[in-house]
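You will see chain A twice below: alongside chain B first, and alongside chain C after that.
Let's look at the complex of A and B:
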């Protein structure tokens, strides 16, 4: 008995020295940030404004916003501690919004605190806001009582919606720290009436935003990047002799295949998009008999041409304007010739001089109940 | 050696010495025998003594002693007294001597089967208090003890704690003879051995050890027999006493021997090489040795299809985990590691707790105390009243506590799930163990959060692995790993594929079904 007691006391001593009930804090004492917005400080020369959206536990149906300014993110947390009694529960942040100006400066310093804290999940979504993040949150939460759940919902249910970039903290951090990779981040805007929407995609050169493309260019960008499980609705127009004979929408799934060849210092990338889809609607009333296979062939051909045209345009823009690999194709060259090219893939000339060839194949096997 | 062990040894030696104190040889003369009995007769009004004469010229003086209400009066009158008074041949005694009369009566007069010759006074006393009829004859030092006990007993009914939807509906009763017969009826193997013991100095409880001679491990049989022989208690009131007296580890909350109320289950265990111990007065049987996995198995597992059994067993394992862990997890997650809770659930929990004045730990402990009181009350009260109290406590008290802001809705759900899970464990002793271990887990989580919860489970597993049931590792087939026994652990394979007996239990005959048996 004595031995058992001694062992028990020893274990208890070891445990009590490792952790303690002093760490306990019940959940109702926490403020749970759902969305945090980061902007260049308005009232300081240097620093950051952090605006945080919390669910209001007491009122149950409203969310509220806190804005704190500081020299750095840690400084804002310290400043918050002098004003609010509740503790921050950082582990449940769902979305980090970054103002456009801050994104142009580079997001590296502003994701560092997230990456270091093991409590923060690396699957939090990153978004660049057209304008300022604080204004976005303040305007949007006034008419959307559940903004803290609606915005993350946009990214978790993207497979059922449209083509736009879904970038998590992990994706961003990985792209920034991997040779040849550059992240793309979804952009959002808030309308004067408080409604918000996805507005396009921010193109990054490592952690610094260099341009923003609209939704028109976002679709080919996402298709060319070969995002996993990429699907959505895409409109088409069929023309014959310059005259529109059909138009409609196809719900598509896309798969990308990339092959790379090297001719001396020149790299040739073959991107093949294999798109399969379901005809959602088409308006050619005189061609409603869907047994006419040519109709579908025409749609497939028109859609392939349309996607290829937009894709080629985007590739040219990437090579001429941005000069960064935003299509995530450099990794295929690195896989073959890593030792030789690992130092040059980050150079602008690598992308500019590459020959990127696009091939699009569309197959619409499902076209309705008459099938 | 621990001090209390020393004390127990001294105590048992004293009892042992006391048992041999009245060992006096019976005198020949009937009057002297009656004189010896007089102190007992004077003290106990339920001991009946009746003098009579055996038929003959002259008739032989005899005396019958028995306990009132225990012996079968009709059998006493018709099979013993009538035979002796009208048909015994007293004349033969003259020719062949008085000592011959006992054999003569045994062979020619009495129609009852269980008759024993006894020669000591202590044996007489034991026989009388065991419920036998004792016959004394004048001039003969030997006495006859005759077993015509007839005790009112319960009919064989469906077991209360081990109900099964399919399979046998018979359960053990309080009578050891009936219980042995229930097993014998199912297992007609001549190798089934029933070894009888009398345990308890004062209660003199009948205990039977049952095993299949060519299957059970002789070492375990010897161990159990020795332990039963070495019990020097004055009172053994059932298998639960025996369980505590022969188990290896006294400080664990976990039962080391399983009990069953079902004869079919007992037979199944006998066929796996285990030993069954029955005690008079107990409507259940001890299964020796027992493994942890067996406490989560039910007899209907072998009646249902394997995939269905697997499904049920999976839920029993889950129930054990929830019964032990759920309140502790609630504390750890809400007070220490809320990041691990999905955000929508977290907000919902926070909203529920917003008006509660107690910290999470205290809230859980209060609810745990209340639910334990409700369970205890429900068990003690008569069944209809117990059910009413359960419903009132469960619904009304829970709702009132939430409305008064004394408890959050989540804790009511947690406690309800925990309680339901507790009673999904098929063995009642394991249910009690899980309730106690839950308190330990709550304290660990309250002190150290998820870390404490993990350490708690670690200590629990270490403890379980260190246990043995009559020398057999308690956590087998998981620790030590016995891969062949996995076919009847969480998943149960087809009965046709169970060709060998479990390797976790030492047996002589490892093969259950030979191919040539068909």
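Let's look at the complex of A and C:
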């Protein structure tokens, strides 16, 4: 009987713990930001504007944003405390948006609070906004009532959709603090009608943004960076004697292999992209795949040529304009000669003088149910 | 208290060895080691492990000659009553100091990650209360507790393994270019994490089958090495030796880099389990010191053991509350690491020398 009582009390204790930390009333007293935007302060000489998007909670019928200015991010929390009675809970923040101007200044100081605060998860996504982050949030949330869930969703599901950079706070922090690494961050824009979209990729030299590329260059960039498990749709055009004989779309995923050789002070990087795909559509419907053996081969060849051309263009741009390793290949040289080259990998000449060779192999083994 | 309540099985000894070593040290180990040895930090885990392994060997060979391998009795037999007692008291003081540091670091982690608004002295009190309770129940209960907590520790290790696919192997390379000086320094830094094995000096007598002690202790030690190796390698694969320097508790940061469906925050899951695991060394070593204190003063275990364990817990509390901030705590942890080297190798060696010199004088059957 005594044992039964003890077990009963234990179960009662467990059940009472299952209720969790907050009840319905508690939740109403909290503000739980889902997205925060950071910009160079508009109305003060130095400082930062923080705009926060809160989810739909019981007392409000839609998401809402609030904007506070301060000398630093922590200071805006103090400012918030004098205006709003509710408690701020940072544990569920999903996305940090950074205005372009702030990104150009360097994001190091503006991620410090995130890394320092154990309540904030290091898997939160970082985004650079074309223009200002506050304007993005204010405009976009007006026509998107669930923005706080939709934008994070873009990054958690991106591997199934399209090639664009997905950078978490950890990725950014790791790249900034590791020799030879530089982060790339997804950029987003809001259209005048309030619709938002991924617009390209921000190229960083350590924590400072140095350029932005559009979606056309983002695809080869992500492929060349070798982001594991990415897949997306790529259109192709097959030409013969200058004439278009077929076009369509292939859904691909890619694997990257990098090999590095050294000839004195010169480093030769061999990047090999192995792309496998599924034919989504092709317009030359008169070419039956099972009968015309060259049909798939032509598509593979065309796609390989197309990706290589875009990749080589990007490599040249990286070496001539940016002069930072945004392809994440320096790590392979460091893995071989870390002690000797650790001090020179951050120099512009390292990337500029490197010989980067690209090889693309495309294999389309699946073409669906139609011949 | 019945003396049989201080009997443990050799299987429980395995868990006690693991429980006495794996605690707060593992959470900062990747940072501490890689600060000195860079990408070779994992090698320091192996070189550092030589000390506890030698310690186990020395203790086992020391006690093999004695029919009643009780630490206090052996100390008296080899060094006489005065010097022997002094050595035992010094050992107890070392345990109190070391566990004070361990408990303080544990409380700091709890404050930073779980209870940021709770005063430190309250957290320390809340940690030491169950420690005292477990110790007061005697060796058998502590043995069983270690067994349960071991499996919980295993869950924590599995949680860490979830991160393996995120790792970048180039961060461990190259394997050549080993900086021997750095490796030596890193090995020294690892001592804090290996402290706890010296508990065997006291627990040896409690193990039912003495012939199994060596094997059990070695198995326990290899489990510890495995835990440390896995943790350091995963931390290096995820952060690399450079970025890791920016993080005070890299293992806890490690767990927040990946979003996991349903569980959401892996580090909270890890910490939930860790709350039991983190206080284990204090439980084990407090048991050892309270037991030795009673034996030294020839106090009846039935009447004075509980009171002694309360006194030990109080002393640990005072040491834990003493450092001003985390910087001071880490400095003291560094000293504690040196003290571990002195006690884990120094004590058994000293006892071996005394044993060698007094060969023939001591009747092993009647050591007291």
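Note that in this section the second predicted complex is superposed on the first by the 335 of 371 C-alpha atoms of A that agree within 3 Å, B and C clash if a C-alpha of one lies under 4 Å from a C-alpha of the other, contacts with A are read in each partner's own complex, and residues count from 1 in each chain.
Keep in mind that, in the parts below, contacts are C-beta pairs under 8 Å (C-beta built on N, C-alpha and C of every residue); 3 or more make two chains touch, one makes a residue touch a chain.
Everything quoted here is computed from the prediction, not taken from an experiment.
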Contacts of A:55 with chain B and chain C, given as first, second, both or neither: first
Chain B versus chain C as contact partner of A:331, first or second or both or neither: second
Which superposed partner A:149 touches (first chain B, second chain C, both, neither): first
Residue contacts with chain A in the superposition, chain B compared against chain C: B
First (chain B), second (chain C), both or neither touched by A:233: neither
A:28 touches, of chain B and chain C: first, second, both or neither? first
Partner chain(s) touched by A:178 [first = chain B, second = chain C, both, neither]: second
First (chain B), second (chain C), both or neither touched by A:339: second
Footprint overlap on chain A, comparing chain B with chain C: 91, 121
Touching residues on chain C, where the partner in the complex is chain A: 39, 112-113, 168-171, 173-174, 177, 238-240, 242-243, 245-247, 252-253, 256-259, 264-265, 267
Of chain B, residues touching chain A in the complex: 2, 251, 334-336, 338-340, 343-344, 346-347, 349-351, 353-354, 356, 359-361, 446-449, 451-452, 455, 459
Contact footprint of chain C on chain A as seen in their complex: 91, 115, 118, 121-123, 156, 168, 170, 173-174, 177-179, 331-332, 334-339
Complex contact set, residues of chain A against chain B: 1, 4, 11, 15-16, 18-21, 23-28, 30, 32, 34, 55, 57-58, 60, 89-92, 94, 119, 121, 149
